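Both of the next two complexes hold chain A, though its partner changes from chain B to chain C.
Moving on to the complex of A and B:
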């Protein structure tokens, strides 16, 4: 018996697939921007001074790292609705993904910030820089440069993991695929096409982060050496 | 005397330690240390590793807090818990053994960072300042290089330039040539010598005895957390305590 593949019925729904891919990228974009901001503050919180803040940031990271993403999504989804708050599936998905990636980003950024040598901070203190200025100029940027490859991987992973939000009917790529395959009965073909679209999205993201890295880290652009 | 608000008299020393005590846990590192550095003078701190000389230097810039005694720097009481540490550090330049240039910034950015962000010097003015201090240390052509592209001696000179750009009233040097080979050491010491000639007040911790002899207005030999012997550079040639005699004997 032969394997008969018919992609035509899938491909003729390219419009829906494209919309789904766009929504996936939008979700990833929002979660990466907000997650990176959470990561910077979370990492500072976990490192610096205040025991209560350190514990809170630590608890956040551990809670997220030790529960499945799908459960986190359901918690946000049902949590908000039990508070009587009505949000679109997209909003819920974006919030849940942000909370998730924020925790992982906190840990990665903390590793980057911790890698900054004490002598660097002393030199900055000796020049009279304030704590905030030291963080900004001497810890955050070189720290992020060091862990930039790990951050890129985490953010691409997040984009792929956003497929889970199809469970709460966010109309992203996987949700679109589920719909197409139920309509066409061409399940295998549908998910082959969708897998290729995800690969393409991953490449797009990696390329974007590579470009962003060139803009953010001029030393690396000029010398090509790791910090 | 009202040390918190009184402006320094013209003759007041730039740096004064009075009976300073400091322990790290059970270990007494400074045991009643006193010395003064008048304006325009160069003081060299020598002593064995662990004698407390680096700690004494770091106390001047409040990188260490003391248990007892008084430290006065540029009219500020450094031992006062209410000290404005950032204001102190604008008056005091410090250079470390390990250079500590910021690796992700060009030499120019390393130098303009503090004047621009701390003293709010406009960018263009800060860049002019960077060119000036780099010329002072003989590195004008390295303005746009990154630290890793420089030799150790060049990095240390750039670090000195970075401190000078804040126009400090006193410079502290903490074993700044200990990581360098003799040739690179020479180029760094020349820069320090030139600063001395220009009248910069300086405190140096160093193991370079012949350099100390040439540059020091005052030499303080520390031993077991105390000032064991102090005087002009002559004490290096004719020490009066056996400990210093032994130290310079092995140090040469």
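Moving on to the complex of A and C:
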């Protein structure tokens, strides 16, 4: 049998692909914002001195990091519906991805916060800064600055992992691909095109995070050296 | 609907868990072998080889594993290559793992102090000898903790093989769920099984990391 590839039937559905890609980015955006917030609080909780909170945050991180995202998504999906709550697939996907990335962010940010030298905190105390001020100015921002590269690659991985939410029929890029290939019987071409869209999306995200890094951490730009 | 959860269901899950472990082993061996070549390619003296290895890593790390799975199962079938779910899952995992392990190991090779290269060169060892006798033995020691840590990722990612109909742990859970319709209980059991597979590895990885850090002054 001769091998004939026909990309045109896939490419002429570019609108659907674009919508899917937009939804993928939207999911990633929501999960990154909410996950970063969870990460800051989780990391503070893991080093905050209260044994119970430390345990709870530790258990959350270990539970998420040692189970597959697919199973987490199913648990959230069926868990919410067995509680009698009905949400759209998109909402469930966003919630599951947020819970997932929150755990990884917690762990990365904890590493960043732990890397702050004790002398810095003592100096801040000596200057009479309040506990909240010390956290904000001395621990959180410089800590995030140090782990920013690790954070951004985790966020790009999250965007790629959001493809798994197609399994609960959230209409993101992979779900669109599944739909197109079932309509055109051109599954090879479809998934090739979609793979390249994902590669493009991850480049876009990396570039975006690079710009954001320049804006958030001007000190790095001025010094031109990593901390 | 289909009755209660009984011992046969649990046996079926256990069977699925065995395949999860089996597929992880395939991915580790295949991806490890291929990944080793990728790592060597990344530090090769030839510019073309370096570029080739780097673009492989970029391509695979920019694509979700799920899409690679679909591509190798449905995609290859559509252009006339019918392959079994095991082959599709094994090949996808190998391709995926090779890119990540290759990149991890490249870091480990480059983490060997530069003086070691220079000393080996000073002893007139050839490039191959330098790599095999001097650099790799030290790089392996550095590479052990992150590699064990990555095995957790491998085990978790085998769950995606369920989408091509490979009956591993997640898929066997879905099959049972189709007859019992107790999704929350079944997926909780599955999550616990995954956790008990992965958590010891996470702990081991962290312990190895700590001992490696303690040994560091002796190494340098």
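One rule holds for everything that comes next: the second predicted complex is superposed on the first by the 225 of 227 C-alpha atoms of A that agree within 3 Å, B and C clash if a C-alpha of one lies under 4 Å from a C-alpha of the other, contacts with A are read in each partner's own complex, and residues count from 1 in each chain.
We take it that a contact is a pair of C-beta atoms (placed from the backbone, for glycine too) under 8 Å apart; a residue touches a chain by one contact, two chains touch by 3 or more.
Here the structure is a predicted model, which is why all the values come from computation and not from measurement.
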Chain B versus chain C as contact partner of A:211, first or second or both or neither: neither
Who does A:219 touch here: chain B (first), chain C (second), both, or neither? first
Looking at the overlay, what does A:59 touch: chain B (first), chain C (second), both, or neither? neither
One more residue to check, A:37. First (chain B), second (chain C), both or neither? neither
Of chain B and chain C, which one touches more residues of chain A? C
By the touch definition at the top of the document, which applies to A:174: first (chain B), second (chain C), both, or neither? second
Look at A:82 in the shared chain and tell me whether it touches chain B only, chain C only, both, or neither; answer first, second, both or neither. second
Under the stated touch criterion, which partner chain does A:18 make contact with: chain B (first), chain C (second), both, or neither? neither
In the overlay, answer first, second, both or neither for which of chain B and chain C A:187 touches. second
Where on chain A do the contacts from chain B and from chain C line up? none
Under the stated contact criterion, what part of chain A meets chain B in this complex? 117, 119-120, 122-130, 133, 137-138, 141-142, 145, 217, 219, 222-223, 225, 227
Chain A contact footprint on chain C (complex, rising order): 58-59, 61-68, 70-71, 74-80, 152, 156-157, 159-160, 162-163, 170, 183-184, 187-188, 190-191, 194-195, 198-199, 202
Within the complex, which stretch of chain B touches chain A? 61, 63, 86-87, 89-90, 92-94, 96, 98, 100-106, 113-114, 117-118, 146, 148-149, 159, 162-163, 166
Chain A residues within the chain C interface of the complex: 1, 3, 5, 62-63, 65-72, 74-75, 77-79, 82, 160-161, 163-164, 166-167, 174, 177-178, 181, 185-188, 190-192, 194-195, 198-199, 202-203
